[in-house]
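The chains carry the letters A, B, C and D, assigned in the order they are written, with residues numbered from 1 in each.
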Amino acid sequence: MNMSKGTVVLAYSGGLDTSCILVWLKEQGYDVITYLANIGQDEDFEAARKKAESLGAKKVFIEDLRAEFVEEFIWPSVQANAIYEDRYLLGTSIARPCIARRQVQIAKQEGAQYVSHGATGKGNDQIRFELTCYALYPEVKIIAPWRIPEFYNRFRGRKDLMEYAEVSKCPNPSCTVGYWWTLNYESGILENPKNHAPSDLFLMTKSPEDSPNVPDMVEIKFNKGVPVMVTHLKEGTTKTTPLDIFSYLNELGGKHGVGRIDIVENRFIGMKSRGIYETPGGTILYHAHLDIETFTMDREVRRIKQDLGIKFSELLYNGFWYSPECKFLRHCIAKSQENVEGKVQLSVFKGHVYILGRESPGSLYNEELVSMDVQGDYDPCDASGFIKINAVRLREHHRMEREAQLKQ
Amino acid sequence: MNMSKGTVVLAYSGGLDTSCILVWLKEQGYDVITYLANIGQDEDFEAARKKAESLGAKKVFIEDLRAEFVEEFIWPSVQANAIYEDRYLLGTSIARPCIARRQVQIAKQEGAQYVSHGATGKGNDQIRFELTCYALYPEVKIIAPWRIPEFYNRFRGRKDLMEYAEVSKCPNPSCTVGYWWTLNYESGILENPKNHAPSDLFLMTKSPEDSPNVPDMVEIKFNKGVPVMVTHLKEGTTKTTPLDIFSYLNELGGKHGVGRIDIVENRFIGMKSRGIYETPGGTILYHAHLDIETFTMDREVRRIKQDLGIKFSELLYNGFWYSPECKFLRHCIAKSQENVEGKVQLSVFKGHVYILGRESPGSLYNEELVSMDVQGDYDPCDASGFIKINAVRLREHHRMEREAQLKQ
Amino acid sequence: MNMSKGTVVLAYSGGLDTSCILVWLKEQGYDVITYLANIGQDEDFEAARKKAESLGAKKVFIEDLRAEFVEEFIWPSVQANAIYEDRYLLGTSIARPCIARRQVQIAKQEGAQYVSHGATGKGNDQIRFELTCYALYPEVKIIAPWRIPEFYNRFRGRKDLMEYAEVSKCPNPSCTVGYWWTLNYESGILENPKNHAPSDLFLMTKSPEDSPNVPDMVEIKFNKGVPVMVTHLKEGTTKTTPLDIFSYLNELGGKHGVGRIDIVENRFIGMKSRGIYETPGGTILYHAHLDIETFTMDREVRRIKQDLGIKFSELLYNGFWYSPECKFLRHCIAKSQENVEGKVQLSVFKGHVYILGRESPGSLYNEELVSMDVQGDYDPCDASGFIKINAVRLREHHRMEREAQLKQ
Amino acid sequence: MNMSKGTVVLAYSGGLDTSCILVWLKEQGYDVITYLANIGQDEDFEAARKKAESLGAKKVFIEDLRAEFVEEFIWPSVQANAIYEDRYLLGTSIARPCIARRQVQIAKQEGAQYVSHGATGKGNDQIRFELTCYALYPEVKIIAPWRIPEFYNRFRGRKDLMEYAEVSKCPNPSCTVGYWWTLNYESGILENPKNHAPSDLFLMTKSPEDSPNVPDMVEIKFNKGVPVMVTHLKEGTTKTTPLDIFSYLNELGGKHGVGRIDIVENRFIGMKSRGIYETPGGTILYHAHLDIETFTMDREVRRIKQDLGIKFSELLYNGFWYSPECKFLRHCIAKSQENVEGKVQLSVFKGHVYILGRESPGSLYNEELVSMDVQGDYDPCDASGFIKINAVRLREHHRMEREAQLKQ
């Protein structure tokens, strides 16, 4: 009889890869606990549970993390206007620390020294996953089969996995990998960045060509930079919990084909990869928050906060959610949001989000001050001095250049 | 007989404001030369010429600046991905230094010590205009009637101007102010940022609701970060000069309702204002350039360049095109574009731009390296070391926090 | 009999300029309240009171702001490592908002609508002073005589002021202007930046050539980035209140000729000026804080905080202490200092500060981890992977360059 | 008979570590070419050559890189004001890419597939070394014995190395490691960051306590941000080649005890380490360049360049000299230096550098403009408008805060 090498908590998706990993880990002599996080993806969790059990999982955890994912991970990203390389709304990147945090909690609680996952050796997810684990459980040992030669040399493609699954009596291996904030597609013919994405690729969003011919108009109410209510302007539907708000906007965006992007991005690992993402609700929130923020926040605070948000986005992308610097940035960004409150009205139509208007009880917008018709408490003569003083430096520069030319 | 106080070169739009200013300047004892720049706006230049002459302009300059505007001002902004406060593509801001540069040249050539303009005392344009003048012609004197109490107290609204125009026999004063890269609307009921923009506001772009139900697909070819050819993928139409490329994309974007935004922005002068802009061609170029740039530029160069671009955008917005720092940034940004070449295919549909694919002779994208199926010249084991070293700092932080807690 | 035009609170130094301003303001029909802040400068405050009274001040305020200056203004600057253009420790800049804040409080309390000061029209201090006033008392009216033609055309030099003072029976006008954190000298022969400063210029610091031949060694204890105790290592002297700590370090630095700089700096107003400063205590604190901060703060937090500190320094220099962005930065910087605690030992000798050693109860320094002799919880093999992954990008770049060369 | 495993070019210092590595590599079956770079360190190169030969090196390269080190590596760092974490002038960091570049050239020329070095597995030098190699010779294989278990487990301390050296008949192993720009010390009792450095540690600099009681005054002439002449003001000595200038300033700084620092720094690898450095010439150049740069460069260009310099310094420290981003930064920084020319006079005394004065043919300093006594082409009234416009935002913020308070 074999002695167990110890217990592994495996992040299990129910798909082919992690099913094979489950069996392989047992083969290597580990006790395996599977853990599947519900962060909003469309999945049959009970089927996954049964599959894991039938494959020999010692214990199966299925955890509903949706509320904490929205409140603790998505909301701070909305506050930050988090966006990677000007385009990617960081869906998967945000999900990883949320998932891994719970995995580490389970490992500690179950006395497991090991955690494992099915992320590949070339991607970002392995890093996001493992940095979270090391940060929260420094003594943990990580088994990443796709980086272990015995594993990846044995399973050189989908075919090898399928055969192994069959032999292992792995029931009905599906392979959808879905995240809730974002769905992403990264392989196959799309590895040639010139090829167009096939129209049937997308799961969360309708094609704008097939989406409704009539816009939906909603109002999003923010408090401290975070959405607290969504109202459909015509239908009067209202959502007020984080989970409901986010789900509703996800649906709405999906219905109108909002949030599809096709990009080439730079992985932390140093290579460029092509990614196709759909982030319907996230895209609506990004635009709405940007609007209410600029409306209510001082220009210079916003400028500083913009830099912090760019840095924050990089950290998210690279997997550093649980780092001292990311914690520091979250604190600073949250501080900047104290007065970010008010309502934004917008319409969603054919893949696009249109901001229509906004109001706030605490805006720095001053209708009288800015009016073309009213002078208000503003003396236009001051602008002359302002401009002339700003020109001092420019005129000095001109003088110097002229002198330099004369010398030649 | 009156002695002339000197000669003024007035930036003349043909509209009501500058027509009144023309007459008023003469009334004050100046000789007035009018100058009207063609930067692509839809205007009857000959009518404007006649009007200026009939109002007593000593000389009338109508200058076609379209080619230099596109090549010297728009192209560098495309290279920079110039965008103000994450949303505004800086249309008017870019036009101002181009217009004022020529005005200063005329003033020098005509021996005029004065220049004048019709920009208001609360806006950004006065600054963009005047900083350019001071930078290029430090001895110039600027007459900004909307900052002179005798002027603005006399003309307190449109009605006063109309009456004055009538008395002055000012023929048929129109008041469209249009720019080519961007059209913007800033006053009236829109001064309440909650009010929605009326549907008939826009001049360059169709409403997405009325735009074609079939996308147009084009390919834009870039060299050194600048578009050098546009091809309509179905029709085969091809444009190759800067002016043609830009005009074509403007039309195409307009046809599909691309580039409308409604924002509240922060003026240099310190107040928030609402702006509604349409930038059809600029929006297409923004997305296409972003794509080819990320495809061809090293990640870290891009990161540095991103910061330079944000700074550059601020400078543009605030009127510092002709400043030593903006010149320095243009140089650095241009340097970063040396390898930004290739083709981007995109579709334009219902207000949105969709990137479909891209290719480049000099991309850093390496299909083999990134492939999920091929290992290539990459050892996944290295990632373990990479992650563990990145975790050293995080684990130390955890250690310190734990020690701190134990002490309490 | 004249009606008063209203009441002015004048920032009064007791020197020639502000004495003349006092008299001139009365001559213009104002009631004048003088206000003199004690922020540590070497001054006969009672003499100044008498002078103000004899010149007709309606009321005289002499306010001891030393403790609040140190705690509320100097300490946050120490936390920020505030330094302008890499060299200037911002002495006067920090003092201004502290002085002006009290002046505004007096103006409100005394029902005065006006405040006035003797800062020149070319300098930074006018801005620092007035931005504080406008920020804290937006309705205030500011009288800046050195920007009023009737004043500055009448008093074209020291001689005019002296004559006016004599006629006005202004007793014994002195003209030392001293600040406590920093003393600065800006005019006369030093306006030629090539000329060396005369040796008798400095007031707070001994010349290093004449300073003691034996160093003094002290230990500074920090908590939350702020000094809480200074101990002289040989003599055992100990200081524990902010005021005592700062005074003691000022003396110590002065004794050893620490903190003298001769720079050309860029004023907010757009011109370059030469400044000679002495900041003895501030220089010691700058070095000590830098040391304890790097010792206890995570690398990446420090990197972000470094940028915030540079921005903060600019804001201080330009007079924006009481701005939303500066308030935001102070909050963020203070947050970064939570773990900045420990002791730094240093010696002060002949104009220089030498850091000798440091310790902290919560340092991230891990003697075992870093040891050359002990491996600790660190596997050197990981470094290979770390380096190779970092090289992925560099090798791709090399590949692309080689391909580009081959094509040519 | 043994087949050779291939040829290794070993960076050889002549010291104990690399002598053992030489022998060990041969023992492992490699042909070993040793390579020793002269970058100014005090070393008996002929003795090193003989030692290498006697230990069995197949070939010995001793390369004088001093001139290229100064011109191609130190000068750009001077232009950048390169400094890591506000204190460290990056001596060793700058030397590494220079040394490794030549090593790679030798490897290519000699057909060697391997390079090797004696840097430890916890330090920065391994990274600086290897990133350079991978960037310039992507196919190279690197042997880093201190990261190979068979090596580091066998040689667990100096004693093991000594014994091995003796058995191997390694003649007279010395162990000084010296770099020219900087000398650094990092181990032993200094691993406790509280311990003071012993007084006999330093090799390049005199103790300030023992240094001359009379300052030396020199003038450094810069062109394009780079020193082109040094003149001793009293003695009239003049140096004009890069190598002579740098050597002379190194001597001068050393004589006066300039450039000693004791810091804790953050390694790229994620740990904090204590470093004690002496950088005599570099410190003088740092101060002189900072002065001439601020004197001649526009404020805002300088501000942008400051950020680039900080980024550049990080890259240097982390070993990315030969990266696309570092190349880009060097280009931008060099561009910023075009007008940085003129002369700085300074004195060196008792560990400190004092800037005394400066002049430039192309300075932006305008004595008339800045003069307290002359108005020049400057209207002080403009400052009022400048300040009031800058206050618009601050007053709006105050208004909003007041309204918020009233609501509560």
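Methods note: a residue touches a chain if its C-beta (ideal position, glycine included) is under 8 Å from a C-beta of that chain, and two chains touch if they have at least 3 such contacts.
Predicted model, so just to flag it, every value in this text is computed and none were measured.
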If a chain touches chain A and chain B alike, it appears here: C, D
Separation of chain C from chain A in steps, with touching chains one step apart: 1
Approximate Å spacing (C-alpha centroids) for the pair chain B, chain C: 40
Mean-CA-position distance for chain D and chain B (Å): 42
Approximate Å spacing (C-alpha centroids) for the pair chain C, chain D: 31
Residues of chain D whose C-beta touches two or more other chains: 269-271, 298-300, 303, 307, 323-324, 363-364, 366, 369, 378, 381, 383-384, 386, 388-393, 395-397, 399
Touching residues (chain side chain B, partner chain D) in the complex: 269-271, 298, 300-301, 303-305, 307-308, 311, 323-325, 328-329, 331-332, 335-336, 389-393, 396
Interfacial residue positions of chain C with respect to chain B in the complex: 298-300, 339, 361-364, 366, 369, 378-379, 381-386, 388-390, 392-393, 395-397, 399-400, 403-404, 407
Parts of chain D lying in touch with chain C, wherever the complex brings them together: 81, 85-87, 120-122, 126-127, 130-131, 134-136, 138, 144, 146-147, 149, 152, 157, 186-187, 191-197, 208-209, 213, 215, 260-267, 269-274, 290-291, 294-295, 299, 302-303, 306-307, 310, 314, 320, 322-324, 345, 349-352, 354-359, 363-367, 369-373, 375, 378, 380-381, 383-384, 386-388, 390-391, 393-395, 397-399
